[in-house]
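Each chain gets a letter, A, B and C, in the order it is written, and its residues are counted from 1.
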């Protein structure tokens, strides 16, 4: 019992990643405990998306190791299909399947992949939809929804797989300003319930409110890891200071 | 045994005759493609006209060629026009007329598509430079449009080459007909003559069309952005 | 020039019969083409070894040779090897051989149009490659390719005009026979054009309508 509690849920060691011989992530060390919320900040192109994609097996890594509950996710014989069921991910571009209704989108994974009982999943889906305020759109098609609604559904779709950790990649970046809030509130709610999350965002106030730790990434390297209070008031590195200055205006 | 069969069908004399037939096919294709391309450019310009009437008539001309099979067109001109005007037209001439008219229609649509895809501001900035109508087309629009239409035009040429095979059905003595004549003559000694001859024709057409379609695809990929 | 209406009326049953035959051949040709096209695009999508290069060769051979030669080769050539095929069977095989590659290209275009993020989104739910194809890629690819599929159907319908070359009593041959026997050239050709318009125009309108209906952006309407 206690040994499991000490073990980090996700562990990244010496992670190295390149595209066509061009380094994108280098020497990444990070441990994420159960229930912890990590916010990854950094200038555009610094490798934030790539980091999340590596954690989900969407990108192969060229060095280092990723461990989930102590089990290595590197090597040829890793069953990503299985692992991805434990790692939920929501992307910047609302990627609901346009050929399916909201509920079909949500049920696809739990029923076809996890082979769970339909009624039980349906109940869970309705409860989650209700919580994000979209129960009445259950039979809508994605095109009939606003961007903010689509992102909330995408979050529900990922949650319905009962993941142990959620990855969010700039989920509000494509949204109109008035819709940003409704999506961020859903994520804040998840944090309160103790969901383990890694969040990439450019919403600084939100980052400060939700994060347990801030990871500042620059040019593929982790420059700084700090508590939000400390990071926003007194960043240690010059790069982080410059980065935060841009956001002052 | 197999090789002796082949040598009986593909005598040097027969091969020469096939080449002669191929020349007729090539002549029809080449002239139709040439006329179709040149007239098609004019037709394409006409299709971008501002007048609703001109546009409508052009559209009608195009759609008439699109909806009715080319073989039907060959019949209409070969049997119909000749009997209506009481003149005799050689099948080869009929083929060139029909293919040129068809090529003009299709080429025109390719040219129209290319011209319409050009950004509007190019035309405006050309005007602002004081370029006249012809100069605007010559120096600004056409060079860019060529890139956008060349893949489609080559593709059209491939289609026209394939379609030339139909002219055997209106009595033109071209490569397919020559092939049939060879089969007629040699089928008593060589039962499988038709297999070899049609196999050869199949390969011949492939050898001509395949490089064209590869070229079209390459250009399209190269210029697609 | 006066039109011989009696002749036209008398010829209607002949044209009707030929038109049905044309439609029947086209129907089977298109159906089998769709099946071949689907199989080919699945093989290409899953990059199945060996089969993939066979499919590639087939597509190039079929697209870069005329239907007439394909039919002659099949009907006059292959039958010499002891294979006996009826004219109609030959016509359907020929149409399918030609159409299969066109349909396959249409599907491939549709598959390529499915965005990368849709695929990743499916992967992140843990879908297998087959599930991904079944639930995400193929339904979307189908709606992306519907307009090329429609164009191919019209194309194949028009190509049926060529099957007369292997002694099928289709619209073309009926017309040719009537011209040869009765010298009613204008009337026969008029009937021929009308017959093709009756077949092709509704088809073309139907497909335009279907295209609007099924288009990706309009799911849910």
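One rule holds in what follows: a contact is a pair of C-beta atoms (placed from the backbone, for glycine too) under 8 Å apart; a residue touches a chain by one contact, two chains touch by 3 or more.
These figures come from a predicted structure and were not determined experimentally.
Engineer: Applying the document's contact definition, name the chain pair with more C-beta pairs in contact, B-C or A-C.
Structural biologist: B-C
Engineer: If you average all the Cα positions, which chain's own average lands nearest?
Structural biologist: Chain closest to the assembly's C-alpha mean: C.
Engineer: Would you kindly say which chain has the C-alpha centre located farthest from the C-alpha centre of subunit B?
Structural biologist: With centres defined by C-alpha atoms, farthest from subunit B sits A.
Engineer: Between subunit A and subunit B, what distance separates the C-alpha centroids? Give it in angstrom.
Structural biologist: Computed from C-alpha means, the inter-chain centre distance equals 56 Å.
Engineer: State, to the nearest whole Å, the distance from the C-alpha centre of subunit B to the C-alpha centre of subunit C.
Structural biologist: Spacing between the chain centres: roughly 21 Å.
Engineer: Using mean CA coordinates as chain centres, what's the gap between subunit A and subunit C in Å?
Structural biologist: 47
Engineer: Help me check something: in the complex, which residues belonging to subunit B touch subunit C?
Structural biologist: 67-72, 75-76, 79-80, 83-84, 158, 162-166, 168-169, 176, 183, 191-192, 194-199, 201-202, 205-206, 209-210, 213
Engineer: Mind pulling up the subunit A residues that touch subunit C in the complex?
Structural biologist: It comes out as residues 53, 56-58, 80-82, 84-85, 87-89, 91, 93, 95-101, 108-109, 112-114, 140-144, 154, 157-158, 161.
Engineer: Would you tell me which residues of subunit C are touching subunit A in their complex?
Structural biologist: Its residues touching subunit A are 117-118, 120-128, 131, 135-136, 139-140, 143, 216-220.
Engineer: Which residues, counting only subunit C, touch subunit B once they are in their complex?
Structural biologist: Subunit C reaches subunit B through residues 1, 60-61, 63-66, 68-70, 72-73, 76-78, 80-81, 158-159, 161-162, 164-165, 172, 175-176, 179, 183, 185-186, 188-189, 192-193, 196-197, 200-201, 204.
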